[in-house]
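Look for subunit A in each of the two complexes below; its partner is subunit B in the first and subunit C in the second.
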Partner chain A sequence: MTLPTDQHTEGKKNVTFRVFRFNPQVDSKPYFDDYTIPVERGITVLRSLNYIKEHIDGSVSFRAFCQAGICGSCSMRVNGLSQLACTTQVWDVLAKSREPGIIKVEPLRNLPLIKDLIVDMDPLVGKMVHYSNWIDSTMPEAQMGKKEFLISEEEFLRYDKATDCILCASCVSECSILRANKEYVSPAVLLKSYRMSVDSRDSMHEQRMAELVKDHGVWDCTHCYRCQESCVKSIPIMDAIHGLREDAIESRGKNDTSGSKHAEAFMTDIEKKGKLIEATLPIRTNGVVWTLQNLLPMAMKMIMKRRTPLPPPLVKSVKGIKIFRTMFREMTEHVKQDQKSHKK
Partner chain B sequence: MKRYAYYLSCINESMTKEVDRSIELWQKDLGIELVKLHEGTCCGGSNLEYVSPKHFALVNGRNIALAEKMGLDLIVSCNTCLMTIRTAKKKLDESPELKREINELLKKEGLEYRGTSEVRHLLWVLVDDVGLDTIREKVKVPLKNYRIAPFYGCHILRPSTVLGHDNPLDPTSLDQLIEALGGETIPYTHKNRCCGFHTLLVAEQESLNVAAEALQEAIESKADFIVTPCPLCHTSLDGYQAKALKNAGVENSIPVFHISEMIGLALGYSAKQLGIKRHIVC
Partner chain C sequence: MKPFDIVIVGGGGAGLYAAMEAMKTNPALNIAVLSKVYPNRSHTSAAQGGANAALGNKAKDDTVEMHIFDTIKGSDYLADQDAVDVLCSEAPKIIRELENMGTPWSRLEDNTIAQRPFGGAGRPRCCYCSDKTGHTILQTLYEQCLRKGVIFFNEYFALNLSVSGSCSNGLIAMNMKTGKVEAFPAKTVILATGGYAKMYWNRSSNAAGNTGDGQAIAYRAGIPMKDMEFVQFHPTGLRKSGLLVTEGARGEGGYLLNKDGERFMARYAPEKMELGPRDLVSRSLETEILQGRGFDSPAGKYLHLDLTHLGADLIKSRLPQIREMSMNFEGVDPIEEPIPVRPTAHYSMGGIDTDNQTRTIMDGVYAAGECGCVSVHGANRLGGNSLLDILVFGRIAGRTAAEEAGKFRPGTISEAELNEQLQEVRGGMQASGRYERYGELREELGQTLALNVGIFRESSLLQKGIEDIAELKERFKKVRIFDTSDVFNTNLMQVLELKNMLDLAETVAAGAFAREESRGSHTRIDFPVRDDAKWHKHTLTTLVNGKVTLGEKPVTMGRYELQERTY
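Presenting the complex of A and B:
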C-alpha cells in the first residue's frame, strides 16, 4: 500500500505503521514492514492492525481478543512504550511520533518472541506459579461451604487496586531489572504476590515470602517506577513492592537479607546522625568479605580522587540532632502503639 | 536575588562534594541564592518509606517545615531526595490525620508543617525561575562543538503523579538547559531510563548491566559527555563506569558531568574550580 502520507483531510489521515516482523521459522533476523493506511480520528492502533491484516497483509501476527481494554491480550510497544493497542488512539500517539506520520509497533520486551508482535507469556505464568500467586484458604476443609469468609472493607481497600491487574505484561516489558536479568521476579508477579499476601484468607504467606526474599526477588527492584508509569490500569505497583518489603522486614526481621539490612541502615543512621553513614553501608549490607571482593578496586580509585565518604566517627551529626532524636524516638513509640492496636 | 532553602543531600556531603561546590561558584551569577539547611536530615533515600512510613513522614515533613519557617521553597539537587520529599509532602497534604500527628512532634522544635513551601529540583528552578533567556545571556564560554547526552534519571520524572514537571516519556527541561548553554543534545533513548544505582549493593550485576546500557548508547552515539541532574546517577555512571563497561565487554569510556558543573563551565569557571577532576572518569 503506497498512499502518500501527506494526503490529509479533516479528521482523516494517511498513517504509516512501521510493524516489527519476525518469523523464526523463515527469517534469519527481524525487520520492519511499513503499511500506510487511511485512518479516521477515533480509531485505535488495534483497529488499524486489524485493517492491515484484513486488507493488506494477512501474515502480520498479533494477539487480541476483547478490544475493550479488559483482557490484556493486545499489549505491545507503540512508539516505544508498552501499552494496549485496543485502548491506544492513533491520533494521540501520532502527535508524539519521532518521525512525523509514522507509528512504530513492536512486541513487548523481556519475554521470548514467538512471531511478529506475539510474545510467549509462559515465563511470566511460570513465575506466578513459582511465587504462589494464589490463595490457599486458611479455612479447615470441614467448614468449607458451610461458613462465610467475611472480608472487611478496610482490608479489601488494601488490595483493591492490585486486583485491577489484567496481566497484560506492559510493566514486565518496561522493567529495568528484568531487562538486565530475565530471572527477576517481575513487577506483575510482585503485585500479585502482594495482593495474595495481604488477604486474611491466605495460608501461604510464609512460603511465598520465603521465595520472595531470595535472589531475583523483591529486594532486586531498583525503584525506577517504570512499571507503575506504564501500567494500563494505573495501579500503584511500587506501593505493592514497598508493601512486600515492609512485610518482609516485619515478618522475617531486619537482618534477613542484604536488601533488608540495606533498607534498615537508613533508619538507624537517621536516628543516630540525621544523615546516612555511607562509608560503612556496603559492609552493613553485604559484610566485609563481599565489600573487599567487590568494591576494593573502586574504593582505591575513590581514595585517589578524595571521593571516599568519611569514616563513621568523623561524620558530623546534623545541626540540632538532640531534639530531632527525641522526636524520632517518640515516633517510634507511636509506631509501637499502632502495631499493638493493629494486633488487637 | 531570589532566595531558596537548599536541602543538603547526604551524597553531596560525602562522595559528590563537587555538586554543592560548583553551585556555590555560580549561584549569584544567575541571580539566585541557595540558603543551606544545616538542620535538615537524610530523606530516607526511597527506603525509609517502607521501613517506617510514619518516620518517613516525620523526617521529611520536618525537612519541608524548616524551609517553611524561612518562608522559602525547598530546592533539591538529588533526584531521589526530590522524589522522596515530594512523596512525603503528597502524603501529608492528603492526610490531615498524619499531618496532625507529625505536627504534634514538630512543636518541640518550634516547627510546623503547613504545606506552603514547594519542593523543587534545581533544574526546574533554572529553567522556570532563572529562565533560559537569562542563562543564555550569562554564558561566557558556549558549549558549542559539544555533543551532550542528557541523562535525566528516574526520580525527577517518575512517578509522574508525584513529580509532574516533565513528561516522563519525553522530558525536555535538561535538553533546554543544554541548548541554552550553547551545547548540542543528542537523541538519547536512555535519557529517561534507569542508572541502576539503587540496587548496586543488593543486585550488583543487574545494576551494572543497567548502567552499561546507558553508557554504551552515549558512547555509540559519539557523545562527548553525559550530563545528569542527579548525583546518584552520576555515581553509578561515573564511579561504577569501569566495572559496568568491563562487564559488558566495552573498551571505552565517557565523562559524566553534573548539571552544576556544565553550567559552571559555560559561565567561565575552570574544571579545577568546579571539582571535575574529582570524577573517576575525567
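Presenting the complex of A and C:
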C-alpha cells in the first residue's frame, strides 16, 4: 500500500521511519521499531506517521491536532532535531539524513516521557504558572469592557513576535541547561515572561521579576542560542532573554543576585582583557567556597566528557587591548546614555 | 471524586470564557474544565481573520444595529433575531474586555483596536491581531484562567452524560494518561466542544479532533440538535488535507483555473470573478469538478489556484503564510506552480439546541460555542462572527450555570455505570474474525458526505448518503482497536471520535433530506429556491428509541422582515 499520489508524480522513495517506542505498562526500556513505506514529494512526517498508524501498527502513539502548524501538539525530534511533524517534509529531511533512507523519530527531550512520542507537558504549564505568565491588568475587573487602553504600534511590535509562540516545547527540548537542571525556567517561559513584562497593561512586573532572578531563573541561561535556532516560529527568543536581563539589572540593581554580578564580572573581564577569564568567573560571581563545592565537580565531569576545554589558568590580554578598552568604555557610556534617554 | 458545581467540557474560547465568568459570578463554586487536548491547542487557535464588533474605530459611522442587520441577512433570515441582538450588542464590550485583559490586538494610527473589512459586513468591523487572532484570544483566556486558578483536567476525553430520567448526574470521561474511566458528578455541565465539520474528514479545514463529541454526547442523552444540515464550505481547501488557503490569495489577484486552463469564474460571476461570495465560489468550483473539468488524482479531483503570474516578490512579501502552507502540505511552491485546491467543509452552523441563555432542554445541561446553536448564524455564518459567538455565549453559559447551579443537586454516578462504559469503550479490542479498520471507515464517511451531503444536494444523493452512513454504522460494530494499552491510547480515542461523527452524520443527512428548499449553505438542486412558506423554521433532530426523529422550532423574528438575500 502506498500513500495517495499525484497524477504527475516524480516517483516515490522508500523511507524507513525508525520510531522510538516505549509503553510504560510493558516495556522496561525504550527501543526502536522500523517501518518502511513509499513516500512521494509533498508528504509530511506527520502524514507518514498517520499512515503507519492506520495501516501498519495502530499502537504507535503520538499527538496531533490541527495538522497545520498552529496548535503545537505534534512536536517531536526528527533526525535529532525538535520540530513540528506536521510541517516537516519527508523529502527535505531525507536530503539531509546521515543514514540514507532512514528517518529517526523520537520524543522531545527535557520533559517526562509518557509513551512512544508523547511527553508530559504539565511541568511546562507548572512553570508558566510559577512565573506568572499572564497579564495582571492595571484595570480593576469591575471596570473592564468599558474602554480600551490606547496602545501604540510601537508597543504592539515589542511583543508581537513573542505572541507567535504556540507552546510546542521544541525549544524546551533543545535547551542545554534543561538537560542538566529540570527546574530551569525554560526558554518558552522566559519568552512569555518577557512578553508580559513589556506590556503596559500589566501590573505585576516586580513580582514576576523577583521570581525570575532567583535560582533556575533568567541568569541560568548560557546563551547557547539553541532555543532560538530550533524555534518553529522563528521567534528571536534570545532578544527576550537579553531584554529580561537588562530589565533585571535596571530594576533591581547590579548586585542583586549572582546572575547580575556575573554579568558585571563578565563586563569587567572584557574591559580588562578583551576576553573572558572563564576559570575565575564563577569565583568572582559566587565566592570561592561555593565554586569549590558546586562547580568544580561538574566542571571536571564536563572536561572528562570533552564538553569543555580546560580553561587556561592565566589569561593573557588579547592584542590591541588598549584600543579595545577605549572602544569598550565608549560603548558602555553610549549604552548608558541611551538607556537614560529611553527612560525619559 | 467530590461533586462539582460546574463541569465545563472544552478548553476552547467558549469553554475558557465560561470558566472565567463562572468564577467571577460566584468565586465559591467548585468548577472544573475538561479538555481532550491542552486548552491552548484548541481549534480556536486556527481562526486567523478576526472577530466582529461595531467599535466604530475604523468606520466612525458603524453601529450595533448595522451589525445586527448584516448578521440576520447573512443567516438568510434563519437566525433568531433576539439572539442576534444579544450577540451584536455585547460585541464591543467583550472585545474591549479581552483587550483590557491583555489580548494583543493590532492597532490603528490613533492607538485604538484595528479593524478590517470582512465578507458580508457593511463596515470594516473585524477586530484582528495580524493573522493570528484566534490564537492570541485563546492565549489570553488560557493565561487568565491559569491566573485565576481554574482547575483543569487536561487530556481527559468526555464519553457521555450520566442521566437519570430527564436529569443529568454529571459527566463520564476517560483520563487519557491512565485509560481510567472517571466520574464527574456535577450540578451543571456546560458542553463547549467545538464544531463537527471534521466529519467530512480530508475535505475539511478543521483540526482532527473537531468531531462533534459534545453534540454526540447530548444527542445520545436525548437532547435535540438544531439545524444540523447547515455546514459552511470554503472554496479553497488544499487538495490532500482540506486545510485552508485563505481568501487573501484571491484578494491579491490569484486565478482559479480548470484543467483546460480556463478562468472559469467568468461563467458564474463575470464581474466579481474570483472575489464573489464564499458560497457562490464554492458552488462554482464544485460545478467545474462535477462537469468533468477538474484535474484527477488519487487524492480526489481538484482545480488550480494560480498565483504564478503575481511574481516571486509579491508572493513572498504579501502571501508568505500561504506559500509556506502550500509547500508544507502539498509540496508545491506557488511561485512556480499553481496550488491544487477544492472546496472544504469549514464551519458547522448547527449544534445543540439551546435558548438565549444557552440552556438545553435537560436541566443543568448547557451548550455554547460552535458546539451549541442558539441560533445566531442561521443558514450561513458571517466570517468573524463565530469567534464573537464563542466569547459572548461562552460568557453567558458561565454566568447562567453559576447562577443556576444552586437549583440542582449533583447526582451520583455508580461504579457499575463506569464499568459498563469502560467495557463498551474497550469492546473493539476483543474483535475477532473479520474486522474493520477505523481509518477506512473514517475516509469513506468523509467521501460519502462530500459527495452526497456536500455542496450540492438532491433527493437521490441524500438517500444514498443516508444509506451509506447506516452501512458504515453497521460496519463500525466490527471495528478493531489495535492498541490494547491503557496509557495514552490514541487509537482508542480516534475510534471513539469516529463513533461520534457517525452518530452525528445521521442528523446532518436527515436534516438535509427533509429540508426541501435552498437556503444559505444548504443547496438543493431539486429545490433551488428559498421557500419561506414551508421552511422558514429550524430543524430539530432528536434520538428517539435509537432512531433520528425530525422536529421543528419557529424562528424568532424581530425588527427585520423576510427579504431576498442578494449582494
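One rule holds in what follows: the second predicted complex is superposed on the first by the 253 of 344 C-alpha atoms of A that agree within 3 Å, B and C clash if a C-alpha of one lies under 4 Å from a C-alpha of the other, contacts with A are read in each partner's own complex, and residues count from 1 in each chain.
Following the convention adopted for this analysis, a residue touches a chain if its C-beta (ideal position, glycine included) is under 8 Å from a C-beta of that chain, and two chains touch if they have at least 3 such contacts.
Small disclaimer: the values here were computed from a predicted structure and weren't measured.
Undergrad: Between subunit B and subunit C, whom does A:Ala68 touch in the aligned arrangement: first, second, both, or neither?
TA: second
Undergrad: Give one of first, second, both or neither to describe whether A:Ile118 is in contact with subunit B, with subunit C, with both, or with none.
TA: second
Undergrad: Which partner does A:Lys29 contact after superposing on A: first (subunit B), second (subunit C), both, neither?
TA: A:Lys29: touches no partner chain.
Undergrad: For A:Glu54 in the superposed arrangement: first (subunit B), second (subunit C), both or neither?
TA: Touch partner of A:Glu54: subunit C, not subunit B.
Undergrad: Is A:Glu141 touching the first partner subunit B, the second partner subunit C, both, or neither of them?
TA: second
Undergrad: Residue by residue on subunit A, keep only those touching subunit B in one complex and subunit C in the other, then list them.
TA: Subunit A residues touching both partners: none found.
Undergrad: Help me check something: in the complex, which residues belonging to subunit B touch subunit A?
TA: Residue positions touching the partner: 10-11, 13-16, 38-42, 44-55, 58-59, 62, 101-102, 105-106, 108-109, 154-155, 158-160, 168-170, 187, 189, 193-194, 196-199, 201-207, 209-210, 213, 239-240, 242-243, 277-280.
Undergrad: Name, in rising order, each residue of subunit A that touches subunit B in their complex.
TA: Touching subunit B from subunit A are residues 80-81, 96, 98, 176-177, 179-181, 184, 215-216, 219-226, 228-229, 236, 238, 242-243, 245-246, 249, 258-259, 262-264, 266-267, 269-270, 274-276, 278-279, 281-282, 285-286, 294, 297-298, 301-302, 305-310, 318-320, 323-324, 326-328, 330-332, 334-335, 338.
Undergrad: Would you mind writing out the residues of subunit A in touch with subunit C in their complex?
TA: It comes out as residues 4-7, 23-26, 40-44, 53-55, 57-59, 61-73, 86-87, 89, 91, 114-115, 118, 121-122, 125, 128-129, 132-137, 139, 141, 143-153, 156, 159-160, 163-164, 166-167, 196, 199, 201-202.
Undergrad: Given the complex with subunit A, which residues does subunit C contribute to the contact?
TA: 24, 37-38, 40-43, 45-46, 93-94, 96-97, 99-102, 104-107, 109-113, 129-130, 132, 135-136, 139-140, 143-144, 146-147, 154, 177, 207-209, 240-241, 243-244, 295-299, 324-325, 327-332, 437-439, 480-491
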